[in-house]
C-alpha cells in the first residue's frame, strides 16, 4: 500500500483520509495512562515548581522567596557535591548494567540446556527488594565477610571514602543487570528469524552477525535501556540510605541528590528548598534524556 | 524479499501457538573435524555460565542459611548453620500476621500488574503506530514522569488522596488509593512502545487490507506478537509492586493493610536487626515473585517471523 | 467504540464506582460509636519486646478506661516521611511519638498541640518528670509533649577482659586512658581494640559536655564548637584512636559498637539502654558491667528521649489527652518500663533492676536536640568528623566548616 505521506506537522492537519478517526483512536488508547500521569506525576511536579519559589515548612506560613532557593543551591557545597556524586555514580553504573544485561540476554536467548535455570539464576538478584539486597550486601562485604575471605582482601568496602560509591555502583549493576537482561531479551525476540537466516546464508560468523546485525537492530531496545538506566541511576536512594544510615557518608562519598532532597524535605521540613532541588534534578535528567534521544535517533513511528 | 502474504491472522495464531524457537546464530555447523573443539568450547562456555549463575545465587544461599539459624548464631559468618532451626520461619509466619501481609501484597500486585499490562499495551501501541497531534510531546511527558523522584511527590499525592478532587473520597489506607497511583507505569508504556516499533509493518498493513479496524489489528495482530514484551511488563510490575516499600509504608498504614515489605520492616531496627526472622520472612516473601517470574519467562520465545516465511 | 475498549471503560467505571462506595463507607479516620471512643496511637517499634510492652500498657489503659479503645498502628520504616505527609494533609494521629531530635522542627512548625491548657484543666502533675528531659519538649514556654522514656550513654565493660588486664571500670578520664593502655599492653582484646569509638557526634558530644563545652549556646542562637573546651574534648576522644587504643566500628568489622562488645572485639564501649536487650538476645554468653560514663571536668551526658504528643490538627484532643496522660502517668509508665526495655522518665517510677547506672546520670543529661532545620548540619558535622578521624583534615578546618554550616542554618 503506497501512499505518499506528506511532511508531518505537529499540530497541523494531515491531509490523509481517516486521519481524524486515527487521531481519535490514538487519544482514546492513551487516555487512561495520561490521566494517571497527569494527576500523580505532572501535577505534583507542577506543585513542586510552584513551591520551590517559597520557603515552606509543613504547616507554617508560605514565605515567598523568588528565586533565592535556586541561588542558594548554586552556592550550596553539599548540594553540588551530591550532584557530582550522582553523576559519577551514573557513569559507573549505566555502562556496566547495559553491557551485563545485554550479555546475559544474548546468552539466555540461545538454545542452551537448562535455559530456564539460567534465566532464573541471572534474574534472581533483581527479584529481591532493595532493602533485602542492601542487608545481604552489608553482611557479605563486611571486613571479615565472605567476599573478603574468598578474595583474600581486607577492604572496608562500604565505609571507605574511595570505595564506598563504586561498591554501591557494583552492587546495583549486579542487581539491575537482570532487569536489563529482561528488556534486552524482549527486544532480541522481536528480531525476525529470517534476518539471521539471511546472515547465515551470507556466511557471517556469530561475532559479526551480532555486531553488524543484531546490535544495530536493537536500537529501540538500547534507547529504552539507556534511558531507564540513566534515570534510575540519577535517582539512586534506597541502597545509599540504608548503607550509610542516611548520612551519605563516609565523608560525603555517598551523598546523592535524592538523599539531599529526602533530608531537606523530611528531616528538615524545608519543602520549598527540597522542591527546588527536585526541579534541578529533573532538568539535569531531562537534558541527559534529550541527548540520548538525539544520539539514538528519533524513532520514526510513521 | 516479501512474497504475497498468507492471511495474517492464521499465520500469526499458528506462530504464537507454536514451539519456542531459538533466535540467534548457531555458528557454522557440519564441518568435519570441528566436533571436538566445539565440544570443548561449549564445555568452557557452560562452566563460565554456571560460575556466573553461582555468583548471582550465593548471596541468597547465605540468606537461606541465615534464616535457618538461631539469632545468636547469625552474628558469625559461616555459610552453613551450626544449629538448624526453623524458629525464624515460625516467628515470621506465626507471631506476625504474615499470611495477611502476603495476601495484601498479592491482591495489590495482581491488580496493578493486570491494569499495567493492559494500559501499557494499548498506550504503547498508540505511541508506536498511531498518529495523533501532539503524540511526541505527550510521549516526552510520559518519559518526564520517570524523572521525578518519589520523595517530591510525597506531600502532594498524600494530600490529594485524603480528599480526592471532585469526588472527595478518602483514599488513604485503601487498596484503591494505592492501586490508583500505580495503575500504569511509564516504564511499562515506554517498553511496549519500543517493542511495537520493532515489529515489521507488513503484518499490520496486511490486516488493514483485510479491512480490520484499529482494535482488531491491535487485538489479533499486535497483541499475540507482543508476548515477550507483555511478559516483561508483567514481571516488572508484579515485582515492582511486591517489592515496593515507599508507597506501601505511606499509604497502607493499618496493620491489616500492610504488605509483605512493610511487614518485613518490623524485623529491622536501628540496632537490633533480627537477622534470622528477617531472612526467613524475606525468603517467604521472595517465593511468589520467583514463581511469577518462572511462569512468565516462558513467554520469552521469538514471536515474530516475516509474514513471507510461513504459508 | 467496540470490543476491548468498551469493556475496559466499563470495567474501569465499575472499579471506580466500587472504590468510591468503599471509600465513603470507610469514612473518617476515627469512628466514634455510641459506646466507645477510639484513639489512634502511632509510633515506631524498636524491637519485638518493645511492641509487646506497649501492648501491655495499652491493655492496662483500656482496662482502666473502658469507654476507650486504642487503635495502635505503628509505622515500620520511615517514620518522619509518613508523619510529614499526615501533618501536611492535616490528618495527624491522636497520640504519637516525637523524637527529641525532631521536636524543635515540629514544635516550631506548629504541628504539635500545646498541652498547657489540658494540664491545667486536668490538674496533671508535671513535677515528677526529670526537668532536663521535659525541657526538650518545651517551646516558647509551653509544653508540647511528655517524655515517655529515655536513655543516657553509659560505659559497658567486658568483665573477662578487664579482669585479665587487672583493671576495674574507670571513673575519670585519666583512668579511662590508663585502663585502655593496660588493656592494650596485656593483649586482653585479641583481634580487636580496647575501646570502640566512632566518629559520631551522638557519642562524642557527651565528652564535650563533660569538658564544659557544648555545640550551641544556651539560647541556641549561635554555635560554640570552636571553643577550647570542645577542642580539648575532641582531642581527648580522638587521642584513643591516635594511640592505637580504639577502633571504629567498620575497622573492627561490626555494624556498631554494641556488636563489638558482643563479638568481644572491644572491651569498653559507650552505649545506652538499648544495648542491654541486644546483648541478652544476640550474645547471651558475654558478661559485662554497666557503669556511668567516666567523669571529665564535670559530669555530662546525652539524653535520648522520645515524647508522646498530640497533633495540632487532632480533632478529639480530650480523648487524646486521656490516653497520653495515662501513658506518661505513673501507672502507664510503670507498665511500660517494668520489663527494662526502657527507662522511666519520672522519678516516682521504680527502675527495673540492673539499670541504676543509667538512671544516676539523669541530673546531668543534655537532651539530644538542637535547633530547627539542623539535621543537615548534624550530617555535615558527622561527615566532617569522619574526615578528621580519617586524617584528611585538621581539627581547625573541621570546626570551621561545622561552625559555618551551623551559622547558615541558624540564620
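By written order: A, B and C. Residues from 1 in each chain.
In the analysis below, a residue touches a chain if its C-beta (ideal position, glycine included) is under 8 Å from a C-beta of that chain, and two chains touch if they have at least 3 such contacts.
Please read all numbers here as calculations on a predicted model, not as lab measurements.
Student: Based on the averaged CA atom positions, which chain is farthest from subunit A?
Tutor: C
Student: Counting C-beta pairs in contact, pick out the pair of chains that comes out on top.
Tutor: A-B
Student: Subunit A to subunit B: how many Å between their CA centres?
Tutor: 16
Student: Give, as an integer number of Å, the spacing between the C-alpha centres of subunit C and subunit B.
Tutor: Measuring from centre to centre gives 39 Å for this pair.
Student: Would you mind pulling out the distance in Å between where the CA atoms of subunit A average out and where those of subunit C do?
Tutor: 36
Student: Please list all residues of subunit C that touch 2 or more other chains.
Tutor: Residues 5, 8, 78, 81, 84, 88 of subunit C each touch two or more of the other chains.
Student: Mind pulling the subunit A residues that touch 2 or more other chains?
Tutor: Expected reply: 29, 32, 142, 144-145, 262, 265-266.
Student: List, in ascending order, every residue of subunit B touching at least 2 other chains.
Tutor: Residues 122, 151, 154-155, 180, 215, 245, 265, 268 of subunit B touch two or more partner chains.
Student: Show me the residue ranges of subunit A that touch subunit B in the complex, using the header's touch definition.
Tutor: 1, 8, 10-12, 14, 19, 22-27, 29-30, 32-34, 36-37, 39-45, 47-48, 106-107, 109-113, 116-132, 135-137, 139-140, 142, 144-146, 149, 174, 178-179, 182-183, 185-194, 196, 199-200, 204-206, 209-210, 214, 217, 220-221, 223-224, 227-228, 231, 234-235, 237, 258, 261-262, 265-266, 271, 274-275, 278, 281-282, 285-286, 289, 299, 301-302
Student: For subunit C, which residues are in contact with subunit B within the complex?
Tutor: So the residues of subunit C in touch with subunit B come to 2-5, 8, 15, 18-20, 22-24, 26-29, 45-48, 71, 73-78, 81-82, 84-86, 88-89, 91, 256, 258-259, 262-263, 274-275, 277-278, 281-285.
Student: Taking the touch rule as given, give the residues of subunit B at its contact with subunit A in the complex, in rising order.
Tutor: Contact set of subunit B toward subunit A: 1, 21-28, 46, 49, 52-54, 56-60, 62-63, 77, 79, 119-120, 122-123, 125-138, 141-149, 151-157, 160, 180-181, 183-184, 186-187, 189-191, 194-195, 197-200, 205, 208-209, 214-215, 227-229, 231-232, 235-236, 239, 243, 245, 261, 264-265, 268, 273, 278, 282, 285-286, 289-290, 293-294, 297-298, 300-306, 308-309.
Student: Please output the residues of subunit B touching subunit C within their complex, sorted ascending.
Tutor: Checking each residue of subunit B against subunit C gives 71-72, 74-75, 95, 118, 122, 151, 154-155, 158-159, 162, 167, 169-174, 176-177, 180, 213, 215-216, 218-219, 245-246, 249-250, 253-255, 258, 262-263, 265-266, 268-272, 274.
Student: Can you check the complex and tell me which residues of subunit A touch subunit C?
Tutor: Touching subunit C from subunit A are residues 28-29, 32, 57-60, 78, 138, 142-145, 156, 158-159, 161, 246-252, 255, 262-270.
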